[in-house]
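Every chain is named by a letter (A, B and C) in the order it is written, and numbering of its residues begins at 1.
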Amino acid sequence: MATLTPAAADEATSTDNSKKRLRPRQQRSGAWRWVVLLIAGVYFLLPLYAAFRFAGLSGFGDVFTTPGFGSSLWLSIRLAAVTWAISMVLMIPTTVYVHLRMPRMRRLLESVTILPIVIPPVVLIIGVLQVAPLALRASAWLLALEYVILALPFSYRALDAGLRAIDVKTLSEAAGSLGAGWLVTLWRVILPNMRTAVLSATILIVALVLGEFTMASLDLQQTFPAWIVLFDQENAQISVAASIFALFVTWIFLMLITVIATRQSRRTGGAEVTLFTVAPRQTIGN
Amino acid sequence: MADMTDTVTAPGSHAGPGVRRFPSPLRAAPAPVRRLARHLGTLPFIAYVAIFLIVPLISIVIGAFQNPQTNAFTWSNVNIAVHGSYLHGFEQSLILSLLSSVIPGVVGLLIAYAIFTATGRAAQFLRQSVITASGVFANFGGVPLAFLFIASFGSVALVTGWLGDIGLHIYNLGFSLYDLSGVTLVYMYFQIPLMVLIILPALEGLRPAWREAAENMGARTWQYWRYVGGPVLMPSFLSCLMLLFGSALAAYATAEALTSGTIPLTSIQIGSFLNGNVLAGQQNVGKALAFGMVVIIAVLMTCYVLLQRRAAKWLR
Amino acid sequence: MTARANEKANETGTAAAVHAPRAGGPGEGMPVSLRNITRAFGATKALDGMSLDIAPGELVALLGPSGCGKTTALRIVAGFEFADSGEVLVGGRDVSGVPAAKRDMGMVFQSYSLFPNMNALDNVGFGLRMRRTAGAQRRSKAAELLDMVGLSAQAAQFPHQLSGGQQQRVALARALAIEPRVLLLDEPLSALDAKVRLQLREQIRTLQQRLGTTTIFVTHDQEEALSMADRVGVMRSGKLEQLAEPSELYSRPATAFVAEFVGTMNRLPGELTAAGSTVTVLGAACPVIEGGPASGPVDVLVRPEGLTVAPAEGGNGIVTHRTFLGGTTRVAVLLSGDTEVRVDVTSAAAAPMTPGTAVQVGLPATPVLVAPREP
């Protein structure tokens, strides 16, 4: 298969068509696309609309003034920050290392990181509360430590996609041949090229922490999602309003970052920023 | 003075050019030791996962077989966990997970394919907004989600009312937000986005050249999918379904908020053990239930890995 | 060509590649015409009024640098792209409105176009399956074609088990299995090793001639184009600069671009005399080939093999370096006036001309090309 590796490198630079996006051959065949998206859009937006109607504008106003809003939101933000920091420090060197030195382990790593999706947070929190030392159990930071695990599938996949887009091996060998140590290489060569991947991972971590309810409530910590459910029958409007608020803020935040990141990466000749995938560069036909 | 050495992974070594990248003290060591040393780079990760994931899981597995007072080995927890209402809970959970993985699986695939192959000026914006929305919605669940649906599909809610106005009385037709059909509907809200996110990388592997070659050979769209696209995508699709299944099985908060116990579901039953309303002597049954889930998940993950291996052969 | 192909095949061990001729059947080449094709992508014009007529059974190579429009033209013929204006005629009929699946053309892509879930035999038989050929007949036809490209032993193997060269041979067999009216090749050899490339060149050409299929071959490698094609079309910026037989392209390039793209070309300043019908260069008066400027400062375009060089004290140039190419050596000489030229001589003759030697570069009084002088 030796011929395939240089070919792959060629493809990136030559005007090869085999990696171009599919072009619609007949305009009419695009119709199904919009039907699907429309139906999906209705399914997702309808409950939001209904909830919006239910909450009413008053509900939204009350959200901000209700006690606990600020403190729980602040807690969630801090948790997100800590989770992000730990995730990055843990996952970036690991993924880079595996890409460079143990490429065959990538599959294993992927399987391990996919575990948190299928392991019930309920199950996890039971186990954690059992083995954690008392001091840790009382603090909210235990959640951050576990959120790193919950975020593994997303953070790993985003970083992995980013690394696949750049030829890490060649870049680091080039840096090494010029005299750079591994730390310098990581900091000055690899990381700057992973900016969009790191951004994607950040986005997903933020979304996860701001939406995670199960472990927080069973751990009796009042994060924002846990706070939302406190208003049961009498003040359901506030809950609903707060949920929608959280949802939209996260979404807009994400979109902003994605747009900025794409613009930035375009400037350096990079790819469109998408969360897990390596979108090919658009090339004009020959 | 900087030598011209390749020091990518060997900090501090001052060997000349052309030397292999092993840390100097281990260069003389035998091969198995060197291989082990290579794996050391993943140590932090392994340690973290071990402490925060594996250890809790192991403690559960152990606890499942322990008598709560004496810590002696016992089968009773597991015994209770596979009978009666708990068995029913497993059944219901499996059915729910099946529905909540297959349907969102297909829908998610359609959506992912729709945005992936879109072209035109709006295409990039479409892709980015759908993918980020998926990232947000995939993590959205629990009480807020339940509230959303109660407000829209509850027995006296908005959409139910609209549908009633046009003659579709869904509650009379057997639908209820608070039983399996309703919970499935709600689960789709985070399962579909999850599917979109995890199937996209597989779609990337579908080369346009295959589509064009098939067309060139005279294949129409359905023929392409039947002979090439479908078979090639199938392993990835199935592996994503495994993940969705596991994710549905693992869901707790949403079901709890919706049903508060009207349908027996394993995850809720486990949760109730944490809340303390538990019969004496049965404190560890929750762990046995959790152990049951872990077993199911282990089976799922094995299928997942095997399918991914098949997919990788074709899609890379 | 066939005998030579056989010889080559035996040398490189691909004797299995050349086989007993097929009985003539349907799919004998059709004439293909492109009329005034225009295609723009946004602001960029990929094709700018391109016209081309291809005779039945002819192999035309489209040659040019990246971005010149050659692949776009091919994809328009195949039906994967639509022209903004202009038409494509096959056998005299306009196929512009016909979908790609119905055009009955066989296409070989640059790489990785084999269906990964099918083995070689099934891949080759796919087009026949689409044409509802019965199973046994389909398999035997596919086997026959695999045999034709020398891969019978690999019939049960899957694409990921085949080398790049083998994959492209299977792709070729697949395209030919449907007995297409036109064969389209989109840089099929670019992703392959040099040695494999050479082998496949021979194979493709031999098969194509044997079957008589009209073929369009897109490449950026001029050696490929010159060695394989009946005629070569050199393209630049969406336009066809010259369409001619390889030898004519080489010896009588129509424009300076073609002259310099195909082979190596020297540029020497010269003075036009006699109302532009002769030019004085390197002390010789050479007749001018028609088509160039009739007045003004000009450069004379000469191939390396068209110049002579010999050691001479007080000559008009000094050797700067030599490149050993095997039988010939390319000698680079710096002439007075700061022009550098390359001259091809036999390696034996080049031996005494070490760098720094004073030499005399000369030009026999043969007709030469002139082009406006470049600053």
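Please note the rule applied: contacts are C-beta pairs under 8 Å (C-beta built on N, C-alpha and C of every residue); 3 or more make two chains touch, one makes a residue touch a chain.
Keep in mind it's a predicted model, so treat the numbers as computed, not measured.
Summarising the inter-chain contacts, the pair of chains with the most C-beta pairs in contact is A-B. Among the chains, the centre nearest to the mean of all shown protein C-alpha atoms is found for A.
For chain C, the chain whose average C-alpha position is most distant is B. The mean-CA centres of chain B and chain C are about 52 angstrom from one another, to the nearest whole unit. The mean-CA centres of chain A and chain B are about 15 angstrom from one another, to the nearest whole unit.
Chain centres here are Cα means. That of chain A falls 48 Å from that of chain C.
Those residues of chain A in touch with two or more other chains are numbered 17-18, 23, 25.
Residues of chain C in contact with two or more other chains: 79-80, 99-100, 109-113.
Shown for chain B are the residues that touch two or more other chains, namely 207, 209, 215.
If you check the complex, the residues on chain C that touch chain B are 78-80, 99-102, 104-107, 109-118, 126-127, 129-131, 160, 171, 174-175, 178.
Contact residues on chain B toward chain C in their complex (touch as defined above): 207, 209-210, 212-220, 223, 227-228, 231-232, 313-315.
Residues 2-12, 17, 21, 38-39, 41-42, 44-45, 48-49, 52-53, 55-60, 63, 107, 110-111, 114-115, 117-119, 124, 126-145, 147-149, 151-153, 157-159, 188-189, 192, 194, 197-198, 200-201, 204, 207-209, 211, 215, 221, 243, 245-247, 249-253, 257, 267, 270-271, 273-274, 286-287, 290, 293-294, 297, 300-301, 304-305, 308-309, 312 of chain B are the ones that touch chain A when the two sit in their complex.
The touching residues of chain A, when paired with chain B in their complex, are 17-25, 29-30, 32-33, 36-37, 40, 43-44, 46-51, 53-54, 90-91, 93-94, 97-98, 100-102, 105, 107, 109-112, 114-131, 145-146, 148-149, 152, 154, 157, 161, 172-173, 175-183, 185, 203-204, 207-208, 210-214, 217-218, 225, 228-229, 236, 239-240, 242-243, 246-247, 250-251, 254-255, 258-259, 262, 272-279.
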